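First the structure, which I've put down as structure tokens, then a few questions once you've had a look.
Naming follows writing order (A, B and C), and every chain is counted from residue 1.
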Amino acid sequence: MADKLCMVVSEGTFDKAYMPLIMGTTAAASGSEVHVFYTFFGTGLLKKVAKPKLPGMYRLFTGMFSKKMKKVGIPGHDEFMKQAMDMGVNFYACSTTMDLMGVKESDLKPGVKILGAASFLKLAADAKTTLFIG
Amino acid sequence: MADKLCMVVSEGTFDKAYMPLIMGTTAAASGSEVHVFYTFFGTGLLKKVAKPKLPGMYRLFTGMFSKKMKKVGIPGHDEFMKQAMDMGVNFYACSTTMDLMGVKESDLKPGVKILGAASFLKLAADAKTTLFIG
Amino acid sequence: MADKLCMVVSEGTFDKAYMPLIMGTTAAASGSEVHVFYTFFGTGLLKKVAKPKLPGMYRLFTGMFSKKMKKVGIPGHDEFMKQAMDMGVNFYACSTTMDLMGVKESDLKPGVKILGAASFLKLAADAKTTLFIG
């Protein structure tokens, strides 16, 4: 894996929520440094109350899909994010988005850091791989 | 072009379907190794019966748009994927998504390989460019 | 920052419109070369009359959101794109998409260049970071 993997998440749907967790934990398990920056609609995924849903017309199938995911060994979103943190994956909320959307530090899951876009881009400057996850 | 181009496709709409084909064939034509991994909604694009549509309200204009694309020399989705394979572009279905969505090996277009997310990330580890196509 | 940052934009919504501007100006401010290629639905963002809206059900909140963004110092879309150009960020319309969607050169904002996908990929070949912004 890349020595340093950076990801930007700007969507808040269920499918986009799992992408950085699946890729982040896989990379971290191989000894990679991982940084995930949540901006715009992605920021909601970092809230304590986050319950991401599949997009559009698939929304109603989220529960059924989650159950199937558990059967193949993929944990629920909250638990998966906690596992990723325990493996050293870094999660950041975009400070500007927090201002724009009225998200407070106390709304965020424990362990989530707050960062500006410029600081994140500096962090990503020497990453081997940077992905923009929708 | 990059010596090795890797792409992840997680959406199944018409616009997202063409992106890896346009970029993949361009890169392959320049001698690059190309690997495209389809996960979540992207996996449906690898099925024999795949007929991708434009997203949301544009859905109804897919046929009209396809015709215009043919006029400027862009082939239909099936034919374009076959051309890409003939040029050496590698297409992979995400094994976990196949389990989750009940996609069988016999549902996939001939030539499509099956791979896990971890194996794909290993493949991408030394790619010059890795793109996440929504 | 990366010495050379390339971005592809294939969506035309408000949130996706700002991403390359925020990242592009930040990178340019650090001395990076920046190239942004607009294709499919992204191409509309380069039109003189572009007024991007938030996606789906959020559409109606675009005006309110824009006002909040101005309060935290983020300019309107037109002005922001002009600022980015003044800082040296390069904007390209995909020539094939222009054909497909009937966009004329005279429809584009002043300063926008026209390029084919293959030429853009050549430009991106030696970029440190290439991002696909939905």
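Please note the rule applied: a residue touches a chain if its C-beta (ideal position, glycine included) is under 8 Å from a C-beta of that chain, and two chains touch if they have at least 3 such contacts.
Everything quoted here is computed from the prediction, not taken from an experiment.
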Key: Equivalent interface positions on subunit B and subunit C, same or different at half   = different
Angle (degrees, nearest 5) of the CA superposition of subunit A onto subunit C = 120
Task = Could you grab the centroid distance between subunit B and subunit C? Build each centroid from C-alpha atoms only and quote it in angstrom.
result = 24
Task = Could you list which residues of subunit A touch at least two other chains?
result = 56, 131-132, 134
Ask   = Can you name the residues of subunit C that touch subunit B in the complex?
value = 8, 10-11, 39-41, 56, 96, 99-100, 117-118, 121-122, 124-125, 127, 130-132, 134
Inquiry  = With touch defined as at the start, can you tell me which subunit C residues reach subunit A in the complex?
reply    = 1-2, 15-16, 19, 22-23, 26-27, 30, 56, 65, 68-69, 72, 74, 129, 131-134
